[in-house]
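Some notes on the structure that comes next.
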């Protein structure tokens, strides 16, 4: 490839924004050419307005970049094709639509539009074929660009672990209890006084998101639209005093009877389109099974596969048709920025941009 | 009452032992007259050998008591009738049997014998009538005394919240995910390096205990023996960085269809024999329902009812026959020492000791 | 006393506000008659607008009170004499001055005016005589009421432990390193992602406050004004993942040579005016010395004396004139609301209100 | 270099042992050829007996190695020249002496012998010339091999930051307060119930170690022996709920007057012999100065320079001759295994082994 594709990051100073920077700063296809954040940061150097909080230092060249306003025309003038959005939900919709209308390819972590039938909600290895609905999207909405969403953090982790088992055993019901890291709420989302020596058994809108996004991601393309899977999903979400890494206790009621060793093999051997295409952000093994009784653990396993793998353990058959497992994934990598970058890589391959 | 009943505490220096001391030090019926602990503590003052770690200071008079060996004859000679055991599982069996054989009333937090059909496993408000099997026990085993067990910590909390719903709606399946405080593992059970910024999705033998003890506690007396309830119980247990208080996410599949307000009323209005008898350790309300979306929380709710109440929140009907709730209880009070003392109080009332 | 003195609490929904409520709700002299908070809470029940986060439940009767605007005339009309202020620094000054001008007795935890020579900065046992400057204050400022401040949290704890040693050995230099609980920053002051598995070695303006307030509190009244003690104070302040309780490592360079046992006796036997007067909020022993090598500890010692005592340990002479000790105190009780209430009690006694 | 030098790791399953494995597994000069641990691990695969708890996975080839007894003859037969010891203090002395007597080069993290005048206590950049005392050691003790010690964790971090300032300004007194991570106590050293929501203001023998080892490391070679620096060192050590990384608040009283910018430059420009020699484990910059007010922080800075750099911040002159700074270092890398490996690299260079 002669030169890299220029990309913008919106909401660059937040926690997911920082993860975008971290992943993109050494990306072989993409080059960070535009950083946007809220008004009080505009005009200042990225390193001066960012409370950098992820592992490893802020890449020096990106630290020197000046933060800009979100200006679709300016973004286009600078030759940018792809926009990664880590915007807060309450402002994302209008901005992202405007950018797509002006011809930009928007890969967004924000929740608005995630459940629209013509908006792909992509978890790279799980439903790459859903990217095809962008053609419907363009037709229906008349946009020059597109909007592609990545799932809510818990859903990205859950669906990656569930997909191979759905294919192997069929699915009737999913019951999931999550223990979610504080980074999932952003830089200031959870006050320390709320969470030290404590658990909060509630995360706003999270259960609804998991239940609905899971059905959509596991669904199929019908006549150019996405039709959700007909499965009952029940989620209980809690916040725990962990920095990064969501742990999920999952019960699956299956259509066919379960063999535990077969389930383990199915998970371990699972590979998706991103692996076949050797996409830069695709982990070698999307699902890692640990057979030790006390794994996965957030602190020890969250960076498996560079934060893009999920780690599964404690797999047991509780009834002939009920499987229990514990799933862990990195919430701001696989569950946010990493999933968006992987979706963009898929798009670039599918539509010949690289 | 002219004078208080003399009691012994075995395993007095450990965490559950400390809770026994805390509860018994101001008890209106019982007087701590004998403290026993492991060999290296014998002959020394309790306060010199105990790393006191519960809220409030060590009661001064008890701190001055000298720790003794476990010697059934000596215990009897000193006029002690009741023995509270916080012994480790690996030594409890032989000692407790010896004490019961010699005529002592043993109320024990140790796991051996919990599932025996002639050994009552008592959670005060849930199954007080099970105490009646002590008569079978005496007959079958030929003991002068008795052994009465209290449930595993998670099970005590779970069954208290489940009992009124079982009576109201019937039960087919219980799926529970626990997030358990480190105090559940005793003073040295969980190393700090394992649990800071982390969760451990496994607790040795805990799931098996919850599954089996729950069935027994919710069972009924048949011909002088306890017959377990025929219900499927599936438990996944995790350790979290919380000092005290186990949180449990519970899904109940019921026989009859659920009405949420009716379920809430059932829980709030539930009172047991300990409340009717106004037992000293019985909380006024055994179950407290919180309607805020973000409760119960361990740090805020664990001392409800002096640590003897469970707090229930997030009650929702997920299907016509499936109810979800989040339950919290204090693991070393309701889940251990408090439950044992409450069982002893019941026994004293039933058999006319007070 | 026929009836209790009516008091108002400003900033009632915040963390220090909650501590005021907690202390005042069972106060023998004071009756909470007015609660004020920010605009969005006005007109609503206190319990509906407050994220109650301190131990024990919100007192029920206070929960039912309606939150009001800060309106000096209305406060006076309702017969209120004393106002406790937990207002944020940026709004406190104007409001408190207005209230004092209108004749109210304002006891304030907010930092503005703390270093003014005619404003008493009272730590009950340390400098009760400083209350006398209210007469200067009234004269100079022409107010009908008064403003009395309590010290910054770390300073309140530090000066209580230092005062008896100053009297005994004289003081040339204080070097203190603090490890401060997150509650010191209020309900949302420290984000959880900043502090889990971490320490932040900086607290805005805190070192300056400790250095200057300490000198003032340990100073003396000269001609109706407070003259600070001439002593060098160097503070380094850090934030640690602890909910409540500030720990301080203190090195004192003294004028006279140190005898450790004498220092311990001096601390243990210290009693102040609040103890002599048996004020309701005064702890029996303002300073508790622990001789165990590993005390004080925040979780075990912060509620000593109802949170109004400081606990001192690890007392050693490092040089003939240098004493090292570790001091712990409850930052929102002794270090904030409790200190303000104690100052008000002193005032009431000195000026015959009770 | 044709082939790598074979090395053994003793105490390989513990936390410092794991760090040795991590650092040595990709070492360009050294090859791990022998793993020893306690009796119950002997004969089993390293991965089966080790609770691997450091970042990154256990290197696969080392995981397959069989754990052996400590047998000096066998170690020599296998062609091993260097032994890294992470043995517990209570067994280290006899074993290490035996190995040195048999001709092995022992680099040890264990505390015995650290203060002997003929035993080098090496912190690579600070006192590489002290390695020269091995010649005295061999002569005096008649060993074929040698014993070289690395400092206590807190001391290694402290002396690295202090050394350039000693050279620049002279030193009269060091007052240091540490906040030490739980990993400093090994895998089971601190129970979680002791440290969640808490601080323990005491670490057994730690203050004595810091005070004495610092003087020795900053001392000089006189007639083949090490003569400690004549400086007063006062340490107060605390344990905090942090996984890795010791934070130290340091006050230095200097002989000459301080200029802060000069101090900063001195620290930033400091390079030692390991940097000059480009040793494999030497960080590019041994000391990193952060000018942000809120750094260093354990979670963000502990892996600076691969865990071998110390990070210094909050540098201020408190008096003309008193400088305050906050220092952070990784306790099991710079403070243990990394320091030992760096010392071994120096030795290999000095004595021509590479």
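The first chain written gets the first letter, and so on, giving A, B, C and D; residue counts start at 1 in each chain.
Going forward, a residue touches a chain if its C-beta (ideal position, glycine included) is under 8 Å from a C-beta of that chain, and two chains touch if they have at least 3 such contacts.
If you're wondering where the values come from, they're calculated on a predicted model, not measured in any experiment.
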Tell me the fewest steps from subunit A to subunit D, where a step is a jump to a chain it touches. 1
Separation of the C-alpha centres, subunit C versus subunit D, in whole Å, is 43
Between subunit B and subunit C, centroid-to-centroid distance (C-alpha), Å: 41
Rounded to a whole Å, what is the gap between the Cα centroids of subunit B and subunit D? 47
For subunit A, what residues touch not just one other chain but two or more? 53, 196-197, 241-243, 299-300
Touch graph of the chains shown: is it line, ring, star, complete or other? complete
Could you pull out which subunit C residues touch subunit B in their complex? 53, 55, 196-197, 243, 299-300, 303
Subunit C contacts subunit A in the complex at 15, 53, 182-183, 187-197, 241-243
Tell me, which parts of subunit C touch subunit D in their complex? 175, 177, 179, 196-202, 232, 234, 236, 238, 240-243, 247, 249, 251, 293-300, 313-314, 318-319, 322, 324, 326
